[in-house]
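Right after this note come the structures.
Below are two complexes that have subunit A in common, paired first with subunit B and then with subunit C.
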Partner chain A sequence: MKFTLHIWRQENARAKGHFETYPLEGISPDCSFLEMLDILNEQLINDHIAHPVCFDNDCREGICGMCGLYINGRPHGNDDGITTCQLHMRKFHDGDDIWIEPWRAKPFPVIRDLVVDRSAFDKIIQAGGYISTTTGGVPDANTIPIPKHKADMAMDAASCIGCGACVAACKNASAMLFVGAKVSHLALLPQGQIEAADRVHKMVCKMDELGFGSCTNTYACEAECPKLIKRQNISRLNRQWIGALFGRDRK
Partner chain B sequence: MNLPKIHSISKKILVGALGAFLSFFLLFHASANLLILRHDGGEWYNAFCHFMGTYLIVKVMEIGLIAALLLHVVLAIWLAVTNKMARPKGYHKPQRSKTHTGSKLQVWTGILIFACLIMHFTDFYFVKIGLVKGKYLAKTEDVVALKTTQPDAFNYAEQHGEYSAKENWLTNFDKEDKAVLEAAGLEVEPDFYHQAREKFKVLHIIIAYLVFFTVVWFHLRHGFAAVFQTFGLYNYKYGKAIEVLGQIYTWVVCLMFAVVVIGVYFGL
Partner chain C sequence: MMNLDSKIPAGPLAEKWTNYKASQKLVNPANKRKLDIIVVGTGLAGASAAASLGALGFNVDIFCIQDSPRRAHSIAAQGGINAAKNYQNDGDSVERLFRDTIKGGDYRAREANVYRLAEVSGAIIDQCVAQGVPFARDYGGLLDNRSFGGAQVSRTFYAKGQTGQQLLLGAYGALSREIARGTVKLHTRCEMMDLVVVDGRARGIIVRNLATGDLERYAAHAVVLGTGGYGNLYYLSTNAMNSNGSAAWVCHRKGAAFANPCYVQIHPTCIPVHGDYQSKLTLMSESLRNDGRIWVPKRKEDAEAIRAGKLKANDIAEENRDYYLERRYPAFGNLVPRDVASRAAKERCDAGYGVGTGYAVYLDFADAIQRLGKEAVEQKYGNLFQMYQKITDENPYETPMMIYPAIHYTMGGLWVDYELQTTIPGLFAAGEANFSDHGANRLGASALMQGLSDGYFVLPYTMQNYLADQIYVGKISATTPEFDAAEMAVRQRINKLLQIGSEKTLNSKHSTLNSTDHYHKALGKIMWEYCGMARNTESLNKAKKVVSELEDEFWKKVFIPGTSNEFNPELEKAYRLEDYFELAQLVIDDAMHREESCGGHFRTEHQTEDGETLRDDERFMYVAAWEYQGHGQPETMEKEPLVYEHIQIAKRNYK
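Presenting the complex of A and B:
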C-alpha cells in the first residue's frame, strides 16, 4: 500500500510547528500504524531526509496508554475501542492521505512533533485519585463482600489507561471522562467510599486549575475511548460532586 | 477583572437547573397557547393572560423567569468561552468522532433562540409593557348598559372592534382606539388572542415562528437528557428511559406551539 503522510513537525515546545508531507510506499496492510511510522523513520534517517518523527509509544498492545495520535480527525484513528498501536493499515485505503496531529489541549503542551506532555493527568491523580490508607496488610478478596455488578462497574472504570483520547476528542478539551473513571473505580468499592467526597472535590479543583474545559455532553470522549468507558462515569462524577458539596462537612 | 470562582461542574449544574426551569415554562406556555384555538373571541385566553398579568405571585415569577433566562445565557456563554480557551490551537482536520450533533449546536441554537425571542417579545411581551403597538381589549361592567350610558363610546367600540353583549366583552382594538376608550373611562389591556390571530395570519410570520420552534426543538432535544447527565441522574438503568422521555417532551412541546400557529393560519 502507499500513502501520503501529513505529519505535524515541531522542534520543541516553543517552536511554531508546521505540517510536513512524506510519501510512503510498500506498506503491508497488516502493518500496525506505529510500525508504519517506524518504517518512515528508518527512511528519514537512512536517506538523511530529516530528523525522525517523535511519537509516544511503549507496550504496543493497547494496555499502557502511552501512544496517542490524532489521525484524520479521530484520536487513535478510524476504529472503535482501540489505541493507536492497535490500529492497522488495512483500515485505510491504498493511496490515502493521512493527517497525523498531536493531542491538542492547553494542559497537554506539545513537547516535540507528536509527543505531548500528559503529566496534567498525573497531577489530577496526585490531587486525590488514591486511597490514603498506608497501614495494614492486603486483606483477602472475600472478606469484604461486594456485589458482582458493582465490582464489574468498578473494573470497567479502572480499565482507563489515561491515554488522553477523551481530552483530545472533546471539543472543549475536557477531562471529565478520565476524572469520572478515576473517581468511579474507587467510589464504587467500599475501601474508596470513605474518602469519596474529598477525593472528587480535590480532583475536580485540580482539573479546573490545570485548564481543562468542562463537559457539554457531546460524548466524543465515550466514542473515542480505547477502553470503551461509558458516559455514566461522568454522570457519577457529577453526582459525587453534588454529594461532596454536603459530604465534605467537618466538625 | 477577577471573575467569581465557580467550579466547572457547579457552573454546568446551574446552567442545567435554569434550563430545566425554562423547559417547564415552555410546556406551560405551549399548553396555555392551545386556548387560542378556541373560537370564543379570546374569552378564555385573555382571561388567562389577565391572570398572568395581574396576579402578584405570577408577576414575581415573571421577573424570576427573565432573570433565569438571562443567567442561563450568561453562564452558558461563560462556559463556552472557557471551553474554547482549553484548546488554544485547534486541529487541522475537522473532528470525525461519532457524537451528539445537538450538543455541538447547543450554543448556536441558544443564540438563535435568543434572537427569535426578540421577535417574539416584539410581537407580544413588549405590547404588554407598552413598548410596541398591538391589539387591546376594553373591560366594562356591562356592555349593554354602556350602550345607554355612553352611546358614543359604544358606537366607537362597535365600529372599531368587536363586542359581545352576551359574553360581556369589547375586544380587538388597535393602539389608536385605546386612548379613545380610556378617555371614556374604560379599563384597557392587551388583547393577546386577537394579537396572535392577526400575527399568525401572515405567512412570513408563521414561517419565522416555525423556524423558531425548530431551533427550540434542537435545543431541547439535547438539553433534556443533558440536564439528567449533569445532575448525575443518568445511569445504566434509566439512561434509555431518560432519552425517550426527552424525545417525547421535546416533540410534545414543539408540536403544541406549532399546532397553534399553523391552526390559526388555516382558520382552525
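Presenting the complex of A and C:
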C-alpha cells in the first residue's frame, strides 16, 4: 500500500512545530500503524534525510497506554476500542493521506514530535487515586465478599490504561473520564468506601489545578476510549463529588 | 573468586523463613529515614518494593524509563497469579505449590527460595484485595480461580485477561501513596546507565534523563534492581519494545555474577510471525489452554493443503486431527508446562504438519463453545479473542486461532542469595531481573507471584538485615571520584557510539551504514535460530561466530542520528544493543557448557527416545554463576551446588 504522511514535527517543548510530508510505499496491509512508522524511520535513517520521527510506544499490545497518536482527527485512529499500536494499515485505503499529530492538551506538553508529557495523570493519582494500605496486616482476601456484578463493574472501570485519549478527544481537554474511572473502580468496592469522599475531593481539585477543563457532556471521551470505559463513570464521579461536598468529614 | 554463599538459613525447610525473620537485624524507625534506597524499575517487583520500603520509613528514589511507573511491562501479564490459598478445596497447599514449582523448574531452583515464595503467596492475594484489585469472583462474591500449566489444582487468581495490569495498578497505587507522603521520590524517563561501587559496595547509580539527555547522579545506601529480563535479546519477543537487559548487565560488568543465562522461556501460545517488518510478538494467555485444544492435521497432505490455502481448519474432520498434547501427555493434556508445549509444537511443525506459514498450530475453542456456550467463552476470554481478531483479522469464535512459540521470559538473571542480594554487597535484584525461583522453566502465573513476593514480603525484611549497620556510614556523597569516573565512562561510551557513523555520513550521502534495528533484528534471528528452542554444539559454535562478526560490523557501520543532548530513542536502542552483544555471547557460552537438557534449555544431544528433556543430575545439578572479565574476554564460571534436602528428585513426567 501507498500513503502520504503528514506528521507533526517539533524539536522540543519550546520549539515551534509544523507538519512535514513524507511519501511511503510498499506497506503491507497486515502491518501495524507503529510498524509503518518504524519503516518510515528506517528510511529516514538510511537516507539521512531527517531525524527519525519520535513517538512513544512500548508494549505494542494495547495495554501499557504509552502510545497515543492523533490520526486523521481521531485519537488512536479510525477504529473503536483499540490503541494506536493495535491499529492496522488494512483499516486505511491505498493512497490515503494520513495526518498524524500528538495529543493536544495544555496539561500534556510536547517533549518532541509526537511525544507528550503525561505526568499530570500520575499527579492526579497521587492526590488520592488509591486505597491507603501498607504492606502486611490486611485481612484474608475472602473475608471481603463482593457481589460479582459490582466486582465486574469495578474491573471495567479499572481497565483504564491512562493513555490520555479521553483528554485529547475533548474540546475542553477534560480528564473527567480518567478520574471518573479511578473514582468508580474504588467507590464500587467495599475496601474503597472508607476514603471515598476524601478521594473524590482531592482528585477533582488536583485535576482542576493541573489545567484540565470541565466536562463538555458530549462524550467524545467515551467514543474514543480504547478500553471502552463508559460515561456512567463520569456520572458516578459527579454523584460522589456532590456526596463529598455534603458528607465529607471536615478536618 | 566470587562469594557465592547462598545464606540459606538453617533448620527444616518450612521453618527457615520464620527463623530468618525472628533473628535478622532491624533498623529502628528513627534511623530508617536517614537511610537512602534507590529502586530501579517500576514493575511489580520495583513498585511493590519501593512502596513497602517507603511505607516502612526509608528514603526511596525510584526510576523508570517510561513516562509513568504504570507502563512497566508487568502491565501486560494476562493470565493470573498463583497462590496456595486452597479456596477451591482441591488439595492445594504451600507444600504442593512448592513441589509444583520445583518440578516445573526441572529441579534447577533453590529449595529454600521456592518454599518461601509458596509460603508468602497467600499474603500477596490478601494484600492485593486490600488495595482494591478487582479479581474475578463467583456469584457468592468470593474469589474465583482457574488452572495453569504444570498444576493439577486451580490456584490461579485472575482479573479478566488483565491480571498483570490490575496487580501493577495496585502496586502503582501503593507507590503513588508513598510519593504523596514524601517517602518515595519518582523519576520518570530516566535510564540507569551505570552502577557506582565504592569500597566494594553499591552506592549509587548514573542515570540518563531520556527527555533531555542529561546525565545525573544519585547516591544511596543500597540499590535495588527490578528491571525485568533480557528476552528482547531475541528482538522478536512478547516483551515490550523498551524492555531491556542493560541495567542488570552494567551491574554484571561491575562485578555482579550473572546466573543461568541460557534458561530462556519460550511461550507456546503467541500469534505467529508474519512479516519482516514485524516489531514484536503478541502473547495469547496460557489461560486459553484451560478450554482451548491444540492440534495440527494428522495427515501431511492436509497440512500442505492448508498451507497452500486449499483447505481451511474447519474442513479437517475430527478423526483427522492430531491433538498432539493430549496424545503425548494424557495426564496434563493441553496444560503441560510451557517448555514442553513449545517443543511439541516445534516438533510437529518441523515434521511438516504446521499450518499457516508452516510455523503455526491451531488452538481450537469449538469444543468449549459447544460445551459452555459462546457467551461463557466470551466472558472468560473476550478481550483476548478481540485482541487476536484485531491483529490477524480472523474471528476465533468461528475459526481456530493460530499460534506458535515465542521468547517470553528469562529465568536466568543476576545471581542473588537468600536475601536477594547480588555478589555486590548493597545491590539487590528482584523479580525477573534475578535468577532465583524458577529453575530452568517458570510455571505460568508464577512471575507475578515472584515479583510481588520479592517486593512486598522479602526485600522489606532482608534489606534491613543489610542496612542495620549502614546507619553508621552517614549520607553517601555523589561527588566522590567513583561517581566522577562512572559518569565519565558513560559519557565516553555514548560518544563512541555516536561517532561510528558520523564522519562517514558527512563524506557520502549514500554510504553503507545501517540502523540499530537492522543489527538488532539480525542478532535476534541468529539467537532464535541457533540458541532458541533447541540447541546443540554445532549450532552454538555457529552462533558464537556469527554474533562476533555481526558485532564487529555493528561497531563499524551503525548509524545513530542526532546527539546525546536531546530526546533520542535511536541512541537508547544503540546502547542497549551494545549490551545485548555481550549478553548474547554469555547466553551461548552457558548453553554450550550445560551439556544436558532441562526445562527451557534443550540440547538436542541430550533427549530421551520420545524427545523429552534428559537431565544430567550428576554433573549439572548446580547454578552456573558467571563473572565478567572484560569486553571480548570469555567469562569465568563458578558453581553453586543445588542441595535438595526436602524434595525427592525425579524425572519430570507429565504423562
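Just so it is clear, the second predicted complex is superposed on the first by the 242 of 251 C-alpha atoms of A that agree within 3 Å, B and C clash if a C-alpha of one lies under 4 Å from a C-alpha of the other, contacts with A are read in each partner's own complex, and residues count from 1 in each chain.
Just so it is clear, a contact is a pair of C-beta atoms (placed from the backbone, for glycine too) under 8 Å apart; a residue touches a chain by one contact, two chains touch by 3 or more.
If you're wondering where the values come from, they're calculated on a predicted model, not measured in any experiment.
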Between subunit B (first) and subunit C (second), which does A:189 come into contact with in this model arrangement: first, second, both, or neither?
-> second
Should A:239 be classified as contacting the first partner (subunit B), the second (subunit C), both, or neither?
-> first
Of the partners subunit B and subunit C, which touch A:94 in the superposed model: first, second, both, neither?
-> neither
Scan A:217 for contacts with subunit B and subunit C and give back first, second, both or neither.
-> first
Which partner reaches more residues of subunit A (counting touched residues only), subunit B or subunit C | C
Would you check which partner chain A:154 touches, where first means subunit B only, second means subunit C only, and both and neither mean what they say?
-> second
Which of subunit B and subunit C A:111 touches, first, second, both or neither = second
Which subunit A residues qualify as touching subunit C in the complex?
-> 11-12, 28, 30-32, 34-35, 38-39, 41-42, 44-48, 51-52, 54, 56-66, 79, 81-82, 86, 88, 90, 111-112, 115, 117-119, 121-122, 125-136, 138-142, 144-148, 151-152, 154-155, 158-159, 161-162, 185-186, 189, 191-192
Given the complex with subunit A, which residues does subunit B contribute to the contact?
-> 7-13, 79, 82-100, 103-104, 106, 222, 225-226, 228-236, 239
Write out the stretch or stretches of subunit A touching subunit B in their complex.
-> 6, 8, 19, 70, 72-75, 78, 99, 101, 104-107, 153, 169, 171-174, 204-205, 207-208, 211-220, 223-224, 230-232, 234-242
Write out the stretch or stretches of subunit C touching subunit A in their complex.
-> 48, 51-52, 55, 66-71, 73, 75-76, 85, 87, 123, 125-132, 134-143, 159-160, 162, 165-166, 169, 172-174, 176-177, 179-180, 186, 188, 211, 240-242, 274-275, 277-280, 282-283, 386-387, 390-391, 393, 456-457, 460, 505, 509-510, 513-515, 517-518, 559, 561-562, 566-567, 569-570
